[in-house]
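After this come two complexes, each holding chain A, first together with chain B and then together with chain C.
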Partner chain A sequence: MRLSPYLAFAKKSFLNRSAYRFDHFIGILDTLLKIFIFWEIYQTLYGTRVEVDGITLKMVATSFVLSICLEAIFFVDDNYLPDKIRDGSIANELLRPVSVQGRMLAENLGTALFRLGFHFCPAFVISIFFIGIEMPASLPMLFLFMLSSVLGYGVLWSISFLVQMTSFWLMNIWSLITIKNVFVNVLSGAMIPLWFMPDWMKKIIDFTPFSSIYFAPVQIYLGQLSYDEIACRCVLQLLWIGIIYSLGYSLWIRGQRKLVVQGG
Partner chain B sequence: MEHFIEVNEVTKTFKVSKRAAGIPGMLANLVAPKVEKKKAVDNISFQIDQGEMVGFIGPNGAGKSTMIKMLSGILCPDAGSIVVEGYIPYKQRKDYVKNIGVVFGQKSQLQWDLPVCDSFELLKAIYAIPDDVYKDNLEQFVELLEMKDFINQPVRQLSLGQRMRADIVAALLHSPQIVFFDEPTIGVDVVGKEIIRNFIKKLNREKNITMLFTTHDMQDIEKTCERLIIIDKGTKMYDGSIQDIRGKYGKARRLDVEFNYDTSVESIPNVAVENLETEGRYKKRFIFQQDIVEMHYLMNHLLSRYSVRDIKVAEPEIDELIRAIYNGEVV
Partner chain C sequence: MISFDNVSKFILTNVTIHIPKGKVVGVIGKSGAGKTTLLKLACGLLDAYSGKVYTNGMHPVKDRKRLCKNMRIQFADMPCFSNDLIVTDALNDIRHFYSINITEFEEELLRLLKLFEVEYLTSKRISELSLGQRRRVELVSLLLGKAEVYILDEATIGLDEKAKEALRSELLSRKRHGATILVSSHNMSEIDGLCDRIILLEKGNIIYYGDQEYLLKKYAPINTMEIIYEGNLPDMEDVPVMKYDLDNHRIKLQYNSAIVSAAEITRHIVGETKVVEMCVHTPELSDVILSRKGQKKWNTLLK
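Up next is the complex of A and B:
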């Protein structure tokens, strides 16, 4: 596979991002606001207690700061394909000698890279400065955290890919995307760290791909998992990417056969 | 012999949702959606050789665009086969589209916010066009299509005619062997049309590019193509040279008849009738082939049955002849 067109897509997406400066600054503000609201809530909840279920306030803070900052990088354009199918410009996409999924991923990664540098970094530094979070458990754990984060993005991207593919049949999938986002927010530990979920719910969540997105990297960062468990988690992440992407891909193949180019 | 483009008994069906107007219709559609199947392309076959320039015409909704989309690998035919240059377009899409260029008159392929030249740069990366080829092509096309003035303007600020020219260049930068044009002159003024036609003709002659294009403008066809395929309601009505049409056109006559009062004329075999209400209140136009229907027979027929005020004989425009073919009245 030639890589250069995909690099061009990523670059275009990266540069486009920098065109919307106001939107960008509001985005950073949004991230910081979320972090400080969570900080206030958990401070109040903890009160004078040092720990709840063996989890200290500082660990909770680490968890939500990491999750929210990762959320800022993990960019997925849920409307990429639905928009193109709705207005018929999917035709132009199919005329290019590149894989459409590859292009989607490249453009998303271009934006993600921009956000890593200009959104994640400032928000993260400010949060550390004002809130103070745990240091990574060890240097190897920091690297494994990064690896697991990349895989977590893979899981999130695959889920979005699968949902987007349904637009070949449904045309308008706004509601489906909203439902997907609610699941991701609640079950991935991005809002409430999964430690505080009731046991029965934890068991259910373990059978879903959502905890692989944010919570697995956070646990690795905090050194809560042994190397065996980390290996297990990473394999699970890969497995979810494989399963969900394959499902999405089979819909993609079927969808193309069903494709109706709207307008003209 | 293997042809460059082989289309064999291709059929494509679309589902069209039938919905009554207003809130009752909306509610009915919500409970039990009614879907009707419509054949956009019905059992069409044709062959095109390398370097040929073929005009594809038909009324709105005839299936022209659908055919172009199947030929370019975007849509998958329900039945039949398409082979272009040994490729099966919808199956080998990624490899196949490297060799083709497509211009959709109604859909721009350029980046809306970027200057035209930036869109071209992106295409250069997508198709991995070598630097020298890219430079040569761009220089030549910009010159021929008179685009120097607006190459650095964002696409959203271009006029329709300018945008169309930019779109044509975008489809040709990678030196494709085959180019499909879907209404490349739609909404373009006379001068712009002439520039585009000359450009297409020159490219076909000099680079031996195979071209297929759809249009509603007969002048486009007359000035550029040698061969014409007419389709209507998804089926092929005519496939032959423009010369043949001209041959018929040479023998065709048109009789404009003004009646004294509102007259409904019974149908006459092999004669196409059109109402000309805009030009005179009771005027009708009869189009026929001189060698099939004799002039004096038709005139006698009309004069003896109806109250005629005036008669005028002329040769019909090619448009009218095509319209008669659409209606299945001549040929």
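Up next is the complex of A and C:
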């Protein structure tokens, strides 16, 4: 497989992002607003208490600041394939000597990289300055946090890929995408850290891929997991990527089959 | 090289055809005759119910990713670019798709943009283009780089004469480099003079595959002759013409070229009167379709 076209697409996507300055600044503002709203809510909830269930306010703050900032980087265009399938340009894409999902990943990564530099960094620095979050537990933990974040993005991307594939059969997948986003937001710990979920709920969430997206990296950052547990989490993340991507890929093959048999 | 062996799909039934390398083949037929289906089968966008299709020696559906490195397609009903792209970006994507050398690419791009007169559009968005402009940009993207197989559906839709001529000359130059080209059109006169062979489709069957001249003789043998004369009215009773109209020193007649030649008719008329001017109209490809429909094209013949 040639890598050069994919690099070119990622670069193009990166540069395209920089063209939309207004969108970019509004995005940063959005992230900061979210962080400050959560900050106010948790401050009020904690009141004068130092900790709840052994979790300090500072840990909660670290959790949602990291989740929300990661959310800003974790960019997946949910309408990439549905749009192409709807307007029929998917047929043209199939006849290019470049893999469609590879190109999608490359373009998403280009945007994600742009956001890492120009969205995550400023928002994160401002949050540290105003809210004050925990430092990473140790230097190795910081690296493992980064590794786990990349894998978390992989899980999120695979879920989106799977959902997008259903557009071969469904006229409109807007509702599916919305449901997916709600699941991701609630069950991944991006909104409410999973520590505060009831135990039975935690058990269910452990069987879903969602906690692998944001919560695993956050736990690693805070040093809550031993090396064995970290290894376990990373393997789980890889496993989820494998499972979900394979499911999506089988739909992709079936979708193409449907195209060549029925003619779109 | 494209070959169909007893292929059935949708309206197409038991189509067997062999298109050698380096030939331009025009596919003509009424709407719904199966032109686009034939082209989509050849490029792997459709899989046949039965029979075998080979393009460049490959199975177009199974080996699509390998095949499409050397194939360019253009279907009138499929958008080529997404609407929010800038024209330059859209065209630059072609370079990445086919890994074309950058200096070569830019030279070629400049030449094609000039040829299709779209160099002033490069900074516009695809959504801002008119149909004709978009078609030209799509053709530029089709012709960038080198390919062995070109497949064009409704190639000349939305093009003016100049652009049609540009497309024709470009396709002919590709052909000289050994490319196999499959072009469909319902406006037959558009592909006149481009195709080595014509496929005439009717209700999913190939009813003719061969060169253009023979097709015209076989399916549109009716020629028209117009003569302006001075003097006596010629007597037309002895000549086997199908129909004639007299109008104040002007005679228009139709004859079947398979039965009587123009020379015979002229000889007859010259013998009877003094001819000032004469001209013969031979049918065009579009007349073939009309005569197959059973419609006589009186209106154009008697213009």
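The rule is short, and it goes like this: the second predicted complex is superposed on the first by the 259 of 264 C-alpha atoms of A that agree within 3 Å, B and C clash if a C-alpha of one lies under 4 Å from a C-alpha of the other, contacts with A are read in each partner's own complex, and residues count from 1 in each chain.
Here is the rule we go by: contacts are C-beta pairs under 8 Å (C-beta built on N, C-alpha and C of every residue); 3 or more make two chains touch, one makes a residue touch a chain.
In this text the structure is predicted, and so the values were computed from the model without any measurement.
Undergrad: Looking at the combined model built on chain A, do chain B and chain C fit side by side or clash?
TA: When both complexes are placed onto chain A, chain B and chain C end up clashing with one another.
Undergrad: Touching A:83 in the superposition: chain B (first), chain C (second), both, neither?
TA: The answer is second: A:83 touches chain C but not chain B.
Undergrad: Considering only touches as defined above, state whether A:40 meets chain B (first), chain C (second), both or neither.
TA: The answer is neither, since A:40 touches no partner chain.
Undergrad: Counting only touches as set out at the top, which of chain B and chain C does A:229 meet: first, second, both, neither?
TA: After superposition on chain A, A:229 lies in contact with neither partner.
Undergrad: Could you look at A:97 and tell me whether it touches chain B, chain C, both or neither (first, second, both, neither)?
TA: both
Undergrad: Is A:4 contacted by the first partner chain B, the second partner chain C, both or neither?
TA: After superposing on A, A:4 lies in contact with both chain B and chain C.
Undergrad: Per the contact definition in the header, classify A:51: touching chain B only (first), chain C only (second), both, or neither.
TA: The answer is neither, since A:51 touches no partner chain.
Undergrad: Would you tell me the residues on chain A in contact with chain B in one complex that are also in contact with chain C in the other?
TA: Residues common to the chain A contacts of chain C and of chain B are 2, 4-5, 8, 12, 88-89, 91-92, 94-99, 257, 259-261, 263, listed in rising order.
Undergrad: Name, in rising order, each residue of chain A that touches chain B in their complex.
TA: 2, 4-5, 7-8, 12, 19, 88-92, 94-99, 256-257, 259-261, 263-264
Undergrad: Which positions of chain A touch chain C when the two form their complex?
TA: Interface residues on the chain A side: 2, 4-5, 8-9, 12, 83-84, 87-89, 91-92, 94-99, 257, 259-261, 263.
Undergrad: Give every residue of chain B touching chain A within the complex, in rising order.
TA: Residue positions touching the partner: 14-15, 65, 69, 72-76, 90, 93-95, 97-98, 100, 102, 104, 106-107, 109, 113, 122, 125-128, 182.
Undergrad: Can you list the residues on chain C that touch chain A in the complex?
TA: Its residues touching chain A are 10, 37, 40, 43-47, 61, 64-66, 68-69, 71, 73, 75, 77-82, 89, 92-93, 96-99.
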